[in-house]
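Submitted below is the structure of interest, expressed as structure tokens.
The letters A, B, C, D, E and F name the chains in turn, as written, and every chain counts its residues from 1.
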Amino acid sequence: MSLVRHVEYADAGPEVRAVYDEIMALRNVAAVNNFWKVLAHDPALLRRTWEEVRDVMAPGALDPLTKEMIYVAVSATNNCEYCTHSHTASARKQGMSDAMLAEVLAVTALANKTNRLANGYRVDVDDAFKPRFD
Amino acid sequence: MSLVRHVEYADAGPEVRAVYDEIMALRNVAAVNNFWKVLAHDPALLRRTWEEVRDVMAPGALDPLTKEMIYVAVSATNNCEYCTHSHTASARKQGMSDAMLAEVLAVTALANKTNRLANGYRVDVDDAFKPRFD
Amino acid sequence: MSLVRHVEYADAGPEVRAVYDEIMALRNVAAVNNFWKVLAHDPALLRRTWEEVRDVMAPGALDPLTKEMIYVAVSATNNCEYCTHSHTASARKQGMSDAMLAEVLAVTALANKTNRLANGYRVDVDDAFKPRFD
Amino acid sequence: MSLVRHVEYADAGPEVRAVYDEIMALRNVAAVNNFWKVLAHDPALLRRTWEEVRDVMAPGALDPLTKEMIYVAVSATNNCEYCTHSHTASARKQGMSDAMLAEVLAVTALANKTNRLANGYRVDVDDAFKPRFD
Amino acid sequence: MSLVRHVEYADAGPEVRAVYDEIMALRNVAAVNNFWKVLAHDPALLRRTWEEVRDVMAPGALDPLTKEMIYVAVSATNNCEYCTHSHTASARKQGMSDAMLAEVLAVTALANKTNRLANGYRVDVDDAFKPRFD
Amino acid sequence: MSLVRHVEYADAGPEVRAVYDEIMALRNVAAVNNFWKVLAHDPALLRRTWEEVRDVMAPGALDPLTKEMIYVAVSATNNCEYCTHSHTASARKQGMSDAMLAEVLAVTALANKTNRLANGYRVDVDDAFKPRFD
């Protein structure tokens, strides 16, 4: 059970309703998911987080599907149950197949493994990998 | 300085040289990077890790660039200095621009943020996000 | 379900009972919470951990409420469900309001975000931030 | 060395300069620190992150010193060298003494310890700690 | 509920069955555990992961019980519920007593604590600890 | 450079000297390492941490070498540079060979990998792994 009560649309003030309306309109859904109902206790946090999600996850130099798969990889690394579920669902909507999910998690698992080999052995960074600005 | 001495090609036994040869051939480089020179102290670990990197990072349901960007996202999350440098370099070779790197890290940062909001508030997973197999 | 059976007061030996008595007396509660009932399998670990919690969380250069909020921030970062629940409850007892909890988690989320931007870009530490002892 | 070149004021475009001007004015400093010079490669990321730092770290239900100390605790937990240095410096400006820093880190260390005891033993959350909304 | 359907033996193809057969034979069990039933969606991932577990956890310079206890320590650090349960069970089969488990977790907790003290204070590595190859 | 000045023996007060004396006597060394010189700013933290290290790392149900290897595994997982160096050095003094170090890190890397596969797929814990107390 969430640590704070969910703020339902019927009980929300105008600032919160305005964000809920934007989320529902952009995503074409009939209600917002629990994450937003919890953040709604702090309307400024709700608006700021929503605008960041909306802008960062929009098409840019990367397409939305690639962004959602990166989100899944980070959420699996950090063990966020909620985000793993919600962003796997979003990535599937964007076209992620079972085979793609398997590869996202295989890369995530491999990176978590070699991160510890490199850190555990304190491997020196090769000069060739260091950025050069000249 | 790495925790163990780097195993240079000239000093390596046949099992290690065989892996070094494969890496240099596949990547078309004149020498392997330090990570492999450290793992070479355990030839079985060297071979197993190399084969996993080779197979997991190969084109599949996802293209190699997408995989390298996921690797960068995980390495930034875990704070692996070596892997951040080496996989940013690999991703750039695969075509990652500065704008794409900025978006990879913007998504990574956002996911690390919302992971903690969801975990800190212990937000209930919406039924709609839960997998259903019927 | 906890990995080991809870040690209830009625079944505890004198070393464990002595710690339970101290906890109940200091906190003015009728029973210890599950965390202690699990540690009680190793009476030395139980005593050492209790004394550390008692001493570190006591008023000092920082007040107990500030300390509890730092505890919540770390527990949300590490995704410890038990500690998030128990230390949110403790912080509320010390006077943390919903608005304060929202700010604790907003700062926690922001720090988790910028930690990854700084690590992902491997930003050089400014000389002005480095300690100087002269 | 940072992964991308620092964007100095003299080389910055108008969007970046506007953010730099705000930072320098609010903090009463003659130049921005390296973190911002790196984010400046993505002017939208720069502005969004700056506005979040400005708003989240402002006085609210919590005072700025408490917020900076929470930032230090999270940065130590995640091992962000840059953020540990920069936010320890900020907290000292807000009045954090050596004794207060020692307590911030003692609480951070204790929380990291008990988080693993609770997670390692998978301790059941006590009913008394669970939120109730009735 | 797992994110993907479990692949049961009766529904598995020949590649998956071959791995299941090896696991059941080596471990002398009548069925594989859920972890493998999930990886089976990607037969290459299943085989690669199984062979790594089989080879890395086999007796070598370290005995299998020591390896399982290291596995438990890492899983508690990362908060992997599944792996904590499965590798605690494996370690018990190899002879881990309650007293040994208590010491594994006490060391894990202490290391998590001092890791943050060392990182938070950015303690300089003593020259005496640095490797020397001459 | 450490965030606070190192407290050298010559400059230390009697509480700090007493702990330094115990460390030097028990370890048969001529000076304490930097970690203790930093904690010495908070004599209570210094004493508490030293006594915990002394007691937890002493021979018990597990031998000191096994404990040091677990410490290395956790420190590599958390990327603590200081602790990786200092506890690798301690483990070597206790008899850890290069081959044993390689296996410690191979298990650590594998656990970090499968932790993310299990968390990313949210694998259900098998009933057989759950503790039963009846």
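The rule is simple: a contact is a pair of C-beta atoms (placed from the backbone, for glycine too) under 8 Å apart; a residue touches a chain by one contact, two chains touch by 3 or more.
Owing to the predicted nature of the structure, the values given are computational and were not obtained by experimental measurement.
Within the list E-F, A-D or D-E, B-C finds its counterpart interface, over half of the contact pairs alike by residue number, in D-E. Looking at D-F and D-E side by side, the one with more C-beta contacts is D-E. A rotation of 120 degrees, rounded to the nearest 5, superposes the Cα atoms of chain B on chain D.
With every chain reduced to the mean of its CA atoms, the largest distance from chain A is reached by F. Seen from the Cα centre of chain B, the chain whose own Cα centre is farthest off is C. The mean-CA centres of chain A and chain F are about 34 angstrom from one another, to the nearest whole unit. A straight line joining the Cα centres of chain B and chain F is 27 Å long. If you average the CA atoms of chain B and of chain E, the two centres end up 20 Å from each other. Across the assembly, chain D contributes 1-4, 52, 75, 77-81, 84-85, 88, 99, 102-104, 106, 108, 110, 112-115, 117, 119-122, 130 as residues in contact with two or more other chains.
Chain contact topology: the protein chains form a complete graph, every chain touching every other one. Chain B makes touch with chain A in their complex at residues 1-4, 33-35, 38-39, 49, 52-53, 56-57, 60-62, 66-67, 69-71, 73-75, 77-78, 80-83, 85-89, 97, 99-100, 102-104, 106-108, 110-115, 117-126, 128-130.
By the touch rule above, chain A contacts chain D in their complex via residues 1-5, 44, 48, 52, 55, 130-131, 133. By the touch criterion stated above, chain A contacts chain E in their complex at residues 79, 84-85, 88, 98-99, 101-103, 106.
Against chain B, in their complex, chain D makes its touches with residues 3-4, 41-42, 45, 78-80. Chain A contributes residues 72, 75-77, 79, 81, 84-85, 104-105, 108-110, 112-117, 119-122 to its touches with chain F in the complex.
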